[in-house]
Amino acid sequence: MNEITNKMRKIAGEILQKGEASVVIGWEKGTFWYLSPPAFIDKVEDVDRLVWDDFCHNNLSKYLVDFKYKEEKVAIFVKGCDSRAFNRLLQDKQIEREKVILIGIPCPGLKDQDQAKTLGKEGDIPKAEKCLECKYPNPLVYDYYLGEKEELDEVAATKEAPNYSDVEAIEAMSPDERYEFWTKQYDRCIRCYACRNVCPACNCRECVFDQTCVGWIGKANNSSENQFFALTRAMHVAGRCIECGECERACPMDIPIMLLNKKIIKDINELFGEYDAGIDVDSKLPLGHFDKSDPEEFM
Amino acid sequence: MKRVGVFICHCGTNIAQAVDCEKVAQNAQAFPGVAFSTDYKYMCAEPGQDLIKKAISEHRLDRVVVASCSPRMHEPTFRKCLERAGLNPYLLEMANIREHCAWVHPDDKERATLKATELVRMAVAKVIQNEPLDRSTIPITKRALVIGGGIAGIQAALDIANAGHLVDIVEKEPSIGGRMAQIDKTFPTLDCSACILTPKMVEVANHPNVRLITYSEVEKVEGYVGNFEVTIRQKARSVDLSACTGCGLCTEKCPTKVPSEFEMEMMNRKAIYTPFPQAIPNKPVIDRENCRYFKTGKCGVCQKLCPAQAVDFTQEDQLVTERYGAIVVATGFDLFDDSVYGEYGYGRYKDVITGLHFERLVNASGPTMGKIKRPSDGQEPKNVVFIKCVGSRDEAKGKAYCSKTCCMYTAKHATLVREKIKDSNVYVFYMDVRTPGKGYEEFYTRTTDQYGAKYLRGRVSKIYEKGGKLIVRGEDTLLGRQIEIEADMVVLATAMVAKENAAELAQMIGFSYDQDNFYTEAHPKLAPVETHTAGVFLAGACQGPKDIPDSVAQASAAAVKVCGLLSKERMETEPTISIVNEAICAGCGMCVTVCPYKAIELKFIQERVDGKVINRRVASVNSGLCQGCGACTVACRSAALNLKHFTNEQILAEVDALCL
Amino acid sequence: METIELTSALEQGKDTLEAIVKESGVQVTRCYQCGKCTGGCPVAFAMDKAPREIMRLLQLGLVEEALRSKTIWLCASCDTCSTRCPREVDIAKVMETLRIMAKKKGYITEKRMDLFHNLFLKSVETTGRVYEGGLVLGRNILGMQPFRDVHLGPSMFLKGKISPLPHIIKDNGEVKKIFANVRKRGGNV
Amino acid sequence: MKYAYFPGCSLSSTGLEYDMSTRKVAQALGIDLWEIPEWNCCGASSAHLTDQLLALALPARNLAIAEAEGLDVAIPCAACYARSKATEVEVRASKEMEQTISEVIERPYTGKARARALLDIFVKDYGLDAIGTMVNKPLKGLKVVSYYGCLLVRPPKLGFDDPEDPQSMDSLIEALGGTPLNWAFKTECCGAAHATAQGEIGLSMIERILSGAKEVGADCIATACPLCMNNLDMRQNQATAKTGEQYNLPIFYFTELMGLALGLKPEELGVNKHFVNTSEVLNKLNEALTRRDTP
Amino acid sequence: MSVKDMQENWEPKILVFACNWCTYAGADLAGLSRLQYPPNIRILRVPCSGRVNPQFVLRAFQRGIDGVLVAGCHPGDCHYVTGNYFTRRRYLLMQRLLQYVGIDPERFQARWISGSEGPKFQQVVTEITEEIKAMGPNRKMRDV
């Protein structure tokens, strides 16, 4: 990892030196050893703040939306999931390819922050749950690449069928059990919208939940409104979710948000054919097109 | 505060006997925003409308709910009523308490009354959110486009032109004329096809209001009714039409022979050629794929010999863009590929041919000068078998539909064989004989009675060769016995199918087609020449199998629709269309992909952000194209798009009012 | 010629027809009587009713007549009819279903064909395989045609094509079980 | 290349030469055939006329054994192929059927092991070009009509070639250096078991095919079905006796023709076990080769 | 009134989103043909089934509806050419999602009913009403 950190600093320095980009977005060490929040480096002398370690969770592509109307170029480090998010944002026309310099990093899978907190530095910290089933740990698109080419091939070869056992476990419950399960989860929601704010699929200019005048959602913080929010958001990110798991990590109330997203991903695959968001920039969104031979269950 | 007036109609006793109208009116008094509520026997009648008008002025109503029959019935009536009372017609909502309530719940007055009350409550909740809307008008380009220069296209163009409007015909082939030019005689009169078609071709070519754009294809269609913008690709003809005199010397001297498409490849043409002698324009074209000059760079005989110096190898395809007010699609049909019938051996046995081959074989200007000779050895066939429904009425290998014309043209072919070969035997395998047309049944009767064609009811199962004969095996289902016929030639009555690229054109223009790629009319009974896209009309076999009279009739009907449109200076558009809230729109373009009318595009607007001027991408709805379906409003996650008259706010208000 | 009283025929045949449709999965009403099946049928010349006529009988509910026909026993299961049918009616499957049903009802119009199939399956059940020598022998004796094909026997034997004894597979318990399991499920073996 | 091998009952008796030639040819081409141990009769041609479940269950046991071994099944006999394929397709189409069948045969079968026709394996998997390079005694000048019969190509959802005008065997003959002739009876039914049970009817069906082959001037007929072979070869005499027509048409399993072209001896292939004399054809082939060898 | 009485007298309320061109016309035809069905449904007219935002459905459940039916033209017959194909995709997903969070499948349904299918309209809404009646009032997702 140190090697990659060194490479990161070197390339960031070069990019800023040459003026190829005005800012480099990466990760730096945070307040605690198990946090590596995003860093926005715009001076050569600051590049040594950049790090690459087991806790570079943030999906940096999301921050590109903030630079949408800036004229200058931005350089950004991307893991597999960041690169899928990048492709998605490209498809949603929220960024322009030529305004971004992508520096790819092969990702071995990151470690669980919460566990790190309890186990301590010396503990055997397990992988973050979201990284366990990652199908695309390596960046799919990049201008520079900070690993070995072989690693890419190796990973491509070990892609496994997605594991939906957690979704299936819920599907196996009775309707009332399912309702109880989800009510318990969403009773906790405080509607801080951290899930939305961190999500690269949530790239609206103004979220419907901020539009109080239309009255899409009430102000009350109750289970009903919270579920309305959760289901609506799930439908809005349907076909867009790139499974970076950031929503769930960002959630202060530990709501298993990815369980909803994964359910939709599973259904999209079953109903409309295999689809992984953010893989192919030319692919159409599952809800943005149709096939005349789609399953017909509404006769 | 809005002031809503509620009017409950008894519809005579239609509503009143199942719904307590008075009570509904009373209940409505209590709904928020309702300033006046009453019931009356016939709201749609003159006195009823007067009652509404009077109430509007007396109670200063600014919104109206009429609870009566279906809005599909009387919405226009009550909208007019509001207009007369000085209110915007879109400030009306209707509650359907007849079809959706009284008539379906005749035996439970209490619950029917409750339901009617709730339907009124929903309508009141919605109408409070209604906004006045204005119909706008758009100017109309006074020129029509006809795509396809077959008999349907020619007829449509002539009718439009004769009504005094300008019209262009775009034809893919080097000449107009289409399939009818290939046909020998027409049923049931046995008129010579060319004799009746050629004068029409000449007339349309010489008409001052008509412009022929041959050897050209439509490449792009944008815009909307009244204002289509069409890009046409004029393929390089390699012959300068204005210089060429049509003397034919080039064709005569060209050394390259190519099987003629027009003659169903039973005869050759040259690489520089006119497709048939009566072609219009009667000027050649170079088939670059086969031309020696284009293949090897050598030859150029035609160019050297041309006295008018009209041959131009350097010509290139040209794209021209024209504006049209209306479009007639008359692209015709293709023939089914009979080679999928392995059991019939089409393609393997030379003497198994299609009906269109037969047309050329029997045509005086065809490859055999009109003498019926079988392709394998040029012998005159004595036993000729016709098989109907090849590719038609066949779900397994062909098309489920009936091709409509085969019964008649097969009868015609049978007649022609018997007429031209005196000692011949003609057998026709059929499943049904369908002759619904003027003089058609009589023609069929003559074919059997007078000409002695033997009709056998059954589908042929197999054809095979034995001793130089074609053995045709089937069942005579009327006898219930297997039969075999030793035939010299077999003619397959091939199904008519949609043009190969039919779907592509429909998608380009933006109208629908059926599972067989035939174009879909707006209504099978009452709008048979319109498409669902305003300003686009259909003529001929592109819509479904048709014979010549049907095609011509439909072409004239389409022409009338076009004339109706072009005779207006401007046209009104519905105001119930989508609008964009640019402040919210993120410019993702989801709405663009789901819009069936290509009515939304992304544009850039200028904005100041942090003191700098930036260009921001947002969606933009073309009010001429938008038909108000609302697909975009759901595709937009941030609800930047909304549908006027069916806004998110209105629908949510209705839902809330219902659930109270 | 006998007049068919169609109203009652349709009523009487209803249940059997339903069973046929269910068993075969073939909707007989789809047949539009074009005769392409019969035209190509290699055995039609020997049948008492054309395949198309069998379909017609079913359409009219005259199921008994179809079940008693020789046709259903003469069908060689070559599938030519089903392959060529323009409405994708699986006529061969209908024949199969009718034959199974006829057998249940005891209408065996072609005893020799039935015997052949019985012996065949008996051989499979007892030995796991078909013992062709025994099959020919059994058919001749039970079918009252003792000398049919006898001239072929010796030369077949010499060419090693008929062994004098049946081959019995070791695991035949398994095959016997298959038969037993099929019977347990109401099989018609 | 390795396949499970299901010879079927006929190949151990009346169709002995089909089995012999199959094994020899596979060996020569380097295809590994693993005979399914203690395979059972697939039920053709009686089970499906007696009980539908039985008809699906009998082949399933063989397929299940192959599946456990992780192999697809190579099946020479057309009838065995059709019945086995039907089982495979039905099992793959529905989970319910998969369960029923597995219960009846008391072995798991999921449809993973595919039933494959031997002919199809040679043509598609091994490839005509590859076969062509292995030929050292081309069938020069031999005019062959390919007789596919019913069950290789019908019903279309089970067959692997065009049901009306199949080409695979013709192209194989061509790759072997022979001349495939076009004829109208490629898929006409030979009468199947009718020849055994209903002699007269069966004979008329046989005659039609023999005269069809004669009509186009064939030297011999190639087949892929032991029952067709039986009918056309063993009963050719009876057909002659009935019509008076001398057919003299040797019938070969396509595997025998392959073996000859690969240079194997006729006896190894079982060609000597035919009823119709094959010497004329064998001589013709040898002559053609000698002519080529002496310039 | 006792709880039991309330349950016995309870009648479900069902919201039907009907597209203007097919299902609304189908419902009109049911009326014209005097085909009776239970008075529990309330039709909300939309131009196209493609206009029905899933948020409308969620809102109805929040407000205490007992069942929702989204109905439009058969695929291929959409007045707006393709609207119902999007409806189909959207609600295939939505239906599964709602079930996943515990809404009973009977409570949210989608159907194709054309303008000529008056009897089908009658049959569909009768069936749905009976199904929901058997289940009792919906309490899930309700904003109390």
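To keep things simple, chains are lettered A, B, C, D and E as they appear, and every chain counts its residues starting from 1.
Operating definition for what follows: contacts are C-beta pairs under 8 Å (C-beta built on N, C-alpha and C of every residue); 3 or more make two chains touch, one makes a residue touch a chain.
Predicted, not measured: the structure shown is a model, and the values here were computed from it.
Participant: What's the overlap between the neighbours of chain B and those of chain C?
Facilitator: D
Participant: Report the chain ID whose CA centroid sits closest to the centroid of the full protein CA set.
Facilitator: If we average C-alpha coordinates per chain, B lands closest to the whole-structure average.
Participant: Does C-D or B-D have the larger number of C-beta pairs in contact?
Facilitator: Result: the pair with more contacts is C-D.
Participant: Hey, how far is the Cα centre of chain D from the one of chain E, in Å?
Facilitator: Centre-to-centre distance between chain D and chain E: 58 Å.
Participant: When the centre of a chain is set as the mean of its C-alpha atoms, what distance in Å lies between chain B and chain D?
Facilitator: Taking the mean C-alpha position of each chain, the two centres sit 52 Å apart.
Participant: Quick one: report the Å distance separating chain A from chain D, using the average Cα coordinate of each chain.
Facilitator: 58
Participant: How far is the middle of chain A from the middle of chain B, if each middle is the mean of its Cα atoms, in Å?
Facilitator: Each chain's C-alpha centroid was found; their separation is 47 Å.
Participant: At least two other chains touched by the same residue of chain C: list those residues.
Facilitator: 45, 80
Participant: Enumerate the residues of chain A that touch no fewer than two other chains.
Facilitator: Within chain A, the residues that touch at least two other chains are 208, 216, 287.
Participant: Please list all residues of chain E that touch 2 or more other chains.
Facilitator: Residue numbers touching two or more other chains: 54, 59, 76, 82, 86, 90.
Participant: Please give all chain pairs that are in touch with each other.
Facilitator: Here the touching pairs of chains are A-B, A-E, B-C, B-D, B-E, C-D.
Participant: Provide the residue numbers of chain E that touch chain A in the complex, in ascending order.
Facilitator: My answer: residues 54-55, 58-59, 62, 75-76, 82, 85-86, 88-105, 109-112, 140-144.
Participant: Taking the complex as given, what residues does chain B use to touch chain C?
Facilitator: Chain B reaches chain C through residues 343, 389, 393-398, 431, 457-462, 473-477, 480-483.
Participant: Could you please specify the touching residues of chain D with respect to chain B in the complex?
Facilitator: The touching residues are 162-165, 182, 184-185, 212, 215.
Participant: Taking the touch rule as given, give the residues of chain B at its contact with chain D in the complex, in rising order.
Facilitator: Against chain D, the touching part of chain B is residues 341-343, 345, 348, 462, 464-467, 471.
Participant: Which part of chain A faces chain E closely enough to touch in the complex?
Facilitator: Listed in rising order, the residues of chain A that touch chain E are 170-171, 175-183, 208, 216, 218, 220, 222, 224-225, 227-228, 231-232, 234-235, 238, 260, 263-264, 267-268, 271-272, 286-287, 290-292, 294-299.
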